[in-house]
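The following block contains the structure, expressed as structure tokens.
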Amino acid sequence: MNQIITSKSTKETTGRLTRPVPTPRTRQNNFAQRTFFIFTLLPVSLILIVTIALLVRSWPILNAYPLSNLLFGNIWKPTNGLFGFWPFILGTFWVSIVGIILAVPLCLLTSIYLAEYAQSKTRSIAKPVLDLLAAIPPVVYGVWGLLAIVPFVDKVLAPLSDRWLGSIPIFSVNQPTGFGILAAGIVLAVMIAPLIISVMYEIFSTVPNDLRHASLAVGATQWQTIRNIILPQVAPGIIAAIVLGASRALGETIAVLMVVGNIPQVPTSIFDSAYPLPALIANNYGEMMSIPLYDAALLSAALVLLLVILVFNILSMLVIQRMLRRKWAS
Amino acid sequence: MGFLMKKRWQRRHLLEAFMKFIMRVSLVIVAAALGLILWIIVVRGLPALSWDMVTKIPEGGYYMGKGGGILNAILGSLYLAAGGTFLAMIFSVPIAIYLKAYLGDSKWGHYVRLSLDVLWGIPSIVYGAFGFTLMIALGIRASLLAGIIILALIELPIMTRAMDEVIRRMPIDLEYAALALGSTKFEVALRVVTRQMLPGITTAILLGFGRGIGDAASVLFTAGYTDRIPTSLMRPTASLPLAVFFQLGSPYPEVQQRGYAAALILTVIVLAVSLGSRWLSSRLNKYTIK
Amino acid sequence: MDAHIQVKNLNVYYGKQQALKDVNIEVPKKQITVIMGPSGCGKTTLLKSLNRFLEITDGAQITGEVLVDGQNIYDSEVDVTEVRKVVGLLAQRPSPLPMSIYDNVVYGMNIHRMKKDRKEYKAAVRHYLEIAGLWEEVHKRLHDPATSLSIGQQQRLCLARGLAVEPEIILGDEPTSALDPISSQNIESRLIDLKQQYTTVIVTHTLRQAKRLADHVIYMYMGEVIEAGLAKEIFSSPKHERTKQYLEGLF
């Protein structure tokens, strides 16, 4: 055996086979391994560092008021020392939920079409479209919302809703400007669609083709196959994709801020203005050092946002990664 | 006998046709949304676009409709995004190599990937707020440097995962072949993985750059805004997204118009970067073993 | 010969590559026809053209006709799901659906709404599991997941699932290649029993299996049918040189 490995490296390696004396090469390897390892600590620790930094800076206000006062307080008057996040928390959830409700059917249908029906030619057109949609910056979405969606809500959707659905509280039109939850929800739906569609598409492709063929072979239609075989298989991944999309919607700042109206109130209709947490933080960063506890209040708002999003994100990512790994394994 | 197989419009066939139809409609809506966005930005942005816009900085009274341009924001954004991408690359390349060459699908590799994905999901406003706490702690003011650091944090997970996805598809045989020839893992990483990574790195750089140049919420806190072109890392700098945002907030129609034009400039840069990355990675992929 | 399936001038392309070249064959009723030939010769493509499974493959282009009882299954008037009901398929790898044994057999019947009530479904499940020779082994655990069965049992379950939609034709795409020898033999004897009632077309890569099963043989090479006819004649005195070489095991 030794004869075969006769080459320039023989001198170096003969000793290594019997006694592990580190050669320069292995030492270099060990050093590299340690250095690389330290680099991978960065992403893992960054999550903790961000959380702790925000916690430390928001400690003064968490110390000064009970948490329930902050979270469920209705009044926001920093100059009077009143910091109630409740209207903002509700605003965040209203906007995100409307966005998700609009995005989910669109994304589910599109991803099923791309995964199960479309020819590879259609897919190769759809992929760059989704990539471009994902690449458009939030502020451009905001401009689009301002120029297209707000007038559309004002001139088309609000009158329609007023006429046909006006008696239902959540569809009643109280402030006819177009700015509000619905406009923000529509913009958000389009913004999070590319992410949700591509995650759902990946999830659908984890289903082995054998199952599709088995169902089609007995004469099922494609939709019957999807409905009976594929959807039950991928349901956890689909829900995870939706949760992931929701977490993006919760944190979106600039685009929402530009179309949502920014009035701190508890919304009752999708045509009402709202004031989500990210918009609150972004709009007031300028004066946050000028009023006592104001900076701590805004950073605690960021902390609340971060914690909710972390939970959403980690849960959905665990499910998605597990489903995708199952595909790699098979 | 043959008529047995004739098309009969049973409920399930109607359902099939209906589902297929609304799926196509959904796809068209998604594609139309892209078209509509681009169309509106072009139609509203183009009239206000002028040579001055991209070659001059704001002159006195610019924000009341007088002369000047947004060169400060264009250059500021390029500096910010380029700096952030460069900084993020220094960290993301070793992490991506380490994930492939050493960790593979191990447990720690799994945690690192998970944390990258989670970082990816943290909204930029939270990064901005975090940047703000850092700036207070370190005693630095809103500046190009602070903006670059925060953008690097935002871009890091995107770039690392983009590289990771590309090199993950690299055939494992190649690695074993190199190991079997007596290479250490570091040598494998350096020679084989990096060469294979080239398309991944290119894609990652462009993805990160595109994300960095479009981010508004984080630079709002960290980079500030100024009418001047930044001359030092410690000076504040303007950026395109904020130029759009602030100009749209103006009561003067001329200034709003320029906001649309700024949005058009930003969109063109981002789309060029995005299309460029597709083109480059499709070209580079030809030269690697698949 | 009473032809159940007639293939006329069938050409299949995958992109620019031609997979089947002008295939003309007839498949006799209620007998076993075996398609054989070296790997990559188009056996499976030919088989999949018979239940329109080629359409699932992205980019496959088909010209020509496949007549089942004189009806062209590629006619625009024809419903593809009805074709697949009439022409059942036993796949290469057993592919139990992710549900119970019972539900696997019921699946196709349910899709076509073939039975009226639970009692009828129950009786049908028993009937087809018996035909597939699986009833004795599984009747006590019908509601266990189908994946809990052994591979050989899974393939027999797939056979029962296919028969439950009352096809006239059974296609087998190397149906025993994933199985152990005993399970293979079990499936083979089922197929021989079933040929009284069903027209059967089997693709196989083993010559010995072809000899055990075939009444009729189709020998293919490079996408073309080289020779087709009665198994006895072809195995004893092949007319074509290539067939002779194949039968002698030269390639």
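Each chain carries a letter (A, B and C) given by its place in the written order, and its residues are counted from 1.
One rule holds in what follows: a residue touches a chain if its C-beta (ideal position, glycine included) is under 8 Å from a C-beta of that chain, and two chains touch if they have at least 3 such contacts.
As the structure is a computational prediction, the values presented were derived from the model and not from experiment.
Between the interfaces A-C and A-B, more contacting C-beta pairs are found at A-B.
Comparing chain C-alpha centroids with the centroid of the full set of protein C-alpha atoms picks out A as the closest. Spacing of chain B relative to chain C, judged by their CA centroids, is 51 angstrom. Mean C-alpha positions place chain A and chain C at a centre distance of 47 Å. For this pair, chain A with chain B, the centres built from the Cα atoms lie 15 Å apart. Shared contact sites, meaning residues of chain A that touch two or more other chains, fall at 221, 224. Annotation for chain B: residues touching 2 or more other chains are 12-13. Shared interface positions of chain C, defined as residues touching 2 or more other chains, are 81-83, 111. By the touch criterion stated above, chain A contacts chain B in their complex at residues 5, 9, 13, 25-26, 28-29, 32-33, 35-37, 39-40, 42-44, 46-47, 50, 53-54, 56-57, 105-107, 109-110, 112-114, 117-118, 122, 126, 128-133, 135-144, 146-148, 190, 193, 197, 221-224, 244, 247-248, 250-254, 258, 278, 281-282, 285, 298-299, 302, 305-306, 309-310, 312-314, 317-318, 321, 325, 328. Only residues 12-13, 15-16, 19-20, 22-27, 29-31, 33-34, 36-37, 40-41, 44, 91, 94-95, 97-99, 102-103, 105, 108, 110-119, 121-130, 132-134, 136-137, 153, 156-157, 160, 182, 184-187, 189, 210, 213-217, 220-221, 241, 244-245, 248, 259-260, 263, 266-267, 270-271, 273-275, 278 of chain B touch chain A when the two sit together in their complex. Interface residues of chain C facing chain B in the complex, by the touch rule stated above, are 68-71, 73, 77-79, 81-83, 86, 111. Residue ranges on chain B touching chain C, taken from their complex, read 1-8, 12-13. Contact residues of chain C toward chain A in the complex are 51, 53, 56, 58-59, 81-85, 88-89, 91, 93, 95-98, 107-108, 111-112, 158, 161-162, 164-165.
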